[in-house]
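Worksheet for the structure shown next.
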Amino acid sequence: MTPFPPAGAAERTVRLRVRYDEVDGMGVVHHPNFLVYFEIGRTEYMREAGVRYADLERRGFLLVVTAASARYLANVAYDDEIVVRTALASMGRASLRFAYAIEDSKGRILCEGTTDHCCVGPDKKRPIRLPPELARLKR
Amino acid sequence: MTPFPPAGAAERTVRLRVRYDEVDGMGVVHHPNFLVYFEIGRTEYMREAGVRYADLERRGFLLVVTAASARYLANVAYDDEIVVRTALASMGRASLRFAYAIEDSKGRILCEGTTDHCCVGPDKKRPIRLPPELARLKR
Amino acid sequence: MTPFPPAGAAERTVRLRVRYDEVDGMGVVHHPNFLVYFEIGRTEYMREAGVRYADLERRGFLLVVTAASARYLANVAYDDEIVVRTALASMGRASLRFAYAIEDSKGRILCEGTTDHCCVGPDKKRPIRLPPELARLKR
Amino acid sequence: MTPFPPAGAAERTVRLRVRYDEVDGMGVVHHPNFLVYFEIGRTEYMREAGVRYADLERRGFLLVVTAASARYLANVAYDDEIVVRTALASMGRASLRFAYAIEDSKGRILCEGTTDHCCVGPDKKRPIRLPPELARLKR
């Protein structure tokens, strides 16, 4: 896995608090929920760049997830604060990759990962060019 | 809360196994998930009566939840088997009420509850008459 | 259902944004998630009163949910902001009731409900007296 | 990603039906839920090999997830049937890797992936040797 953030990539962060429903029987965040944190991370990354993902979808541009990966390095418990750091790793004509590092409040890395996205139309299948305003995600 | 099943109501059952993601930090099913079990219960109740809810939605009949209640009587852990018993409590022109009892494999009641539904059109707001085949849910 | 907030009860609020994973195939918040919002509401209510629920659990006081009810009045979509208003409806020797009203950003009520709680020890069964600091929840 | 199943590996399958709560606003399974399906797949793989994961945890052997990856190839909707195929990809002294392929009822691959696990003790941190009965997972 490449180091975070990828070379030259800007990053944006969002702080969250672990919810009761996100924790499993071991008392720590259940691992699929980190993909949900990634999703919140990229939603806020986009918002800070002036792109509201909900509006993109309404206009018929869906950024479906084509791949996801995560490495889990440490546990985190209910009600702890976490920081989701998100960076744009790459951008193609119809595709995007985001990278993530999730830390606890002391800066210890809990989870690192990536998600790949393809832009599709309302049929949820045919790739289409990214809408031009996504260029804003690059800086 | 009325006894289960409501007088004169037929009931149908579905057996499930508690999943890892449904359990909370106390090691028992997290209470909102019982509403998910209710939902599975009524989906299977309808299917056994010859009505596939997914098809209803496709045809523009949505049975939105207008109220839900649950009483929690005992805990259940990961990988335990549960039985969801579902009955149709009442049916109006555009509305339905289901009642539920969820038991463990020894017949101990874990949770009882009800959900109220209103049939709406694709706008998700305006009540519309229940489609005629829902009469099959009654026996 | 009694009006919100119950007479004489203080209320506290928390603002949330609807997450992508909370929405169902109709494009609106899936109804069991309102119980999760209630849970976040009472966690923050308690925190503002100086009681961290995670600490209570660590000390062996569990506020298990014994009943929950919700009335659903309007839909809310992904990325919309919601306000969770929480009030303490009643408090006994070993039990509590919270009441909730969830609104969208324009003050339209989306969902109202209550949860009942019993304080139990680490066995998750035997009721025990509420710890004295919960008196702070009253004002 | 290696082809499924990995060379020489046995596979076991479990059939599931997509639940209403697993679908997102696009009307298809929300991508983090495939990690939940993987989890169900390996639980049933282990059960068929005579190992109940819930019992392992009770005895103090936790198979924490250290990495997960998924490639998403096609969408699947509410109430559709899916088949989770699970294979043991590798096993070390304290670690395991499972591989997965999830198909729809026509054999079309929806998602492929892997999860890596480390066996830890009740502290959820220190790696410990896999319990001997996990050798049964190999055939």
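We call the chains A, B, C and D, going by the order they appear; numbering starts again at 1 in every chain.
Simple rule for what comes next: contacts are C-beta pairs under 8 Å (C-beta built on N, C-alpha and C of every residue); 3 or more make two chains touch, one makes a residue touch a chain.
Since this is a predicted model, take the numbers as computed values, not measurements.
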- Joint neighbours of chain B and chain A, given as chain labels: C, D
- Looking at C-alpha means, what's the farthest chain from chain A? B
- Check A-C against A-D and say which one is joined by more contacting C-beta pairs. A-D
- Mean-CA-position distance for chain D and chain A (Å): 23
- Query: Taking each chain's centre as the mean position of its Cα atoms, how many Å separate chain C from chain D?
  - Reply: 34
- Message: Taking the mean of the C-alpha atoms as each chain's centre, how many Å separate chain A from chain C?
- Response: 28
- Among the residues of chain A, pick out those that touch two or more other chains and give their numbers. 20-21, 25, 32, 36, 39, 57, 77-78
- Query: Can you list the chain D residues touching chain A in their complex?
  - Reply: 25-26, 28, 31-33, 35-36, 39, 57, 62, 64-72, 75, 124-125
- Message: Under the definition above, what is the set of chain D residues touching chain C in their complex?
- Response: 20-21, 23-25, 27, 30, 32, 77-78
- Task: Can you check the complex and tell me which residues of chain A touch chain C?
- Result: 19-21, 36, 39-40, 43, 52-54, 57, 77-79
